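Labels for the chains are A, B, C, D, E and F, by order of writing; each one numbers its residues from 1.
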């Protein structure tokens, strides 16, 4: 059993990064590994917006992270500095995500067996 | 460029084990924000007692070039911040020789003292890390 | 270590740069648009075939299939799914994403 | 893939003058959303009585390749939509020969009938437009 | 005097696109031209978030567009389809922007003398 | 027509592709990271100098200055500010952005 930390640098839908990260995390959990934290940085912070409303026949990237995190106790952390300059605040943050500092990313690097980055 | 570490306890975060962190920079400054936000991570990383290195390859070498004046594009010039890294005890800055040569850049063109290494040496540096963060 | 590349070699220099930095014992995994680097008959095929002599290269099959490239993969490139991606990440001591 | 034209009056929008619009596609599908959202624009554009062309060069040629199966990445396969363009009277699809050759693609690999042109002809097509939209 | 339409395909801060577009628009107006519409597509829709809060020593990209538009009667249009899947709605839309359909982009192409695209 | 390029030629194929599609009477303007294409002594310099024989190439000076490249511009590349960018857009019948 391994502990994986995940860093996501891009927003949902625009880049495949968040999709790949999600399918990686799901596969890791199915294999008996643990995903302890997903850290959202750069445009990655947009993955946490509760106002996201994709077309009905499309995947809901935000809610899918929320559900996976709830079921498997994943800590979903949104970088406060990146979020502020991009208009993500508690006001539009989806439940299940939390806003915190970059220290949480370094901590994920220290405490995980592997830190895997997904971006552009 | 200043931010809390997110309220975690350093002792707990460090947990006694020192890991080797590499911050890999491959992108030019200003066209995108990655260079600036990468530097923000490095400054926070300094507060944790880990072994930190920075690598500049490909267009990433443009980040640390002297003489950046951003008034005309109305974007913040963050390049002086590289000079502050020394004060945070971050002194391992590796720049790849091949990337410099492809751009006619010399060591004297850089804002900060760096260690110039070739691609094979850079590969060894990458290989020896516990965590590689790329932006 | 595990190197991942997610950019098309006909658009960016990412794959080329990655391949110059792979040491013995390391492997490369092509994901997302990076899987275009796994194809036969393109301008980057020769570079990739040369690299294959020195270290293993994998490609994420779901990304290849999404792009309709399933019949064009270079012989010798190993195909994996997300579960295989996780295994590669677990087997190697660190993961470097070439963004 | 369906959306109102934004409530504008077509007559007023058209204003009588027909312009030549080129939609330039240079990016591969799925790694980014540009290809899909570009197609959304083209479908809306069909409602306006303008002269519409699509150009596929560089990695853009990958957008119209047959046999795309996206179930494994859990992303919507939008490639069948290219087949719908004909029904909207959008029939000028230009693909660059050099871009096809660099990727070993043949005309029979494409989902839809296209006109294959060389780089010089593509340059002429670009030059003759009133509006070029690139994504 | 020319009429310029502008298309912005990337979000604020992450890419320089919105900065360049703004400085282009400002220069055009200073030279006596008219900017009739700025259309925000793809991640460009994020330029309209009223929750955006950059560091104090940084430019405020959202409010700067708002101000320029107000002073020079520029129509700031955010694509509804792109906005919904990225969590931009009336709820977090800055005053001075409006959400509408892609037809507004085509219309800008028809009615402007030049349509200039800024993106990634 | 006016072609704009905003990508570094050492990262992407954008400039190379653009230069192959410029007709007589058209011009190229390098902006944002595209200004790295205006520099002397790089791996793309030769390609740009060759293109300069066939059509004018401009570069946006504020972007060059931001990147500290003011002393490295190829002779023959014309420097403009945002006002000059507007003029180029107005002078030519259309603008094509190479994204």
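Following the convention adopted for this analysis, a contact is a pair of C-beta atoms (placed from the backbone, for glycine too) under 8 Å apart; a residue touches a chain by one contact, two chains touch by 3 or more.
This structure is a prediction, so every number in the text was calculated from the model and none was measured.
Any chain that touches subunit B and also touches subunit F is listed here: C, E. Shared contact partners of subunit B and subunit C are A, F.
Comparing mean CA positions across the assembly, the chain most remote from subunit F is A.
For the pairs A-C and A-D, the larger set of C-beta contacts lies at A-C. Taking the CA centroid of subunit E as reference, the farthest chain centroid is that of C. Centres computed as Cα averages put subunit B at a distance of 33 Å from subunit E.
If you average the Cα atoms of subunit E and of subunit F, the two centres end up 24 Å apart. One inter-chain figure worth recording: subunit B and subunit D are separated by 40 Å, centre to centre, where each centre is the mean of the chain's CA atoms.
Shown for subunit A are the residues in touch with two or more other chains, namely 9, 13-14, 16, 20, 23, 42, 58, 81, 115, 117, 119-120. Shared contact sites, meaning residues of subunit C that touch two or more other chains, fall at 6, 10-11, 13, 32-33, 62, 81, 94-95, 97, 99.
Residues of subunit B in contact with two or more other chains: 27, 30-34, 58, 73, 75, 130-132, 134-135. Pairs of chains that satisfy the touch definition comprise A-B, A-C, A-D, A-E, B-C, B-E, B-F, C-D, C-F, D-E, D-F, E-F. Across the complex, subunit C is touched by residues 24, 26-27, 34, 57-58, 98, 119, 122-124, 126-127, 129-132, 134-135 of subunit B. Residues of subunit C touching subunit A in their complex: 6, 31-33, 62, 81-83, 85-87, 89-90, 94-95, 97, 99. Remark: subunit C residues 6-8, 10-11, 32-33, 36, 39-43, 61-63, 65-72, 81 touch subunit D in the complex. Taken in their complex, subunit A has these residues touching subunit B: 7, 9, 41-42, 77, 80-82, 100-107, 109-111, 115, 117, 119.
Remark: subunit E residues 13-16, 19-20, 23, 57-59, 120 touch subunit B in the complex.
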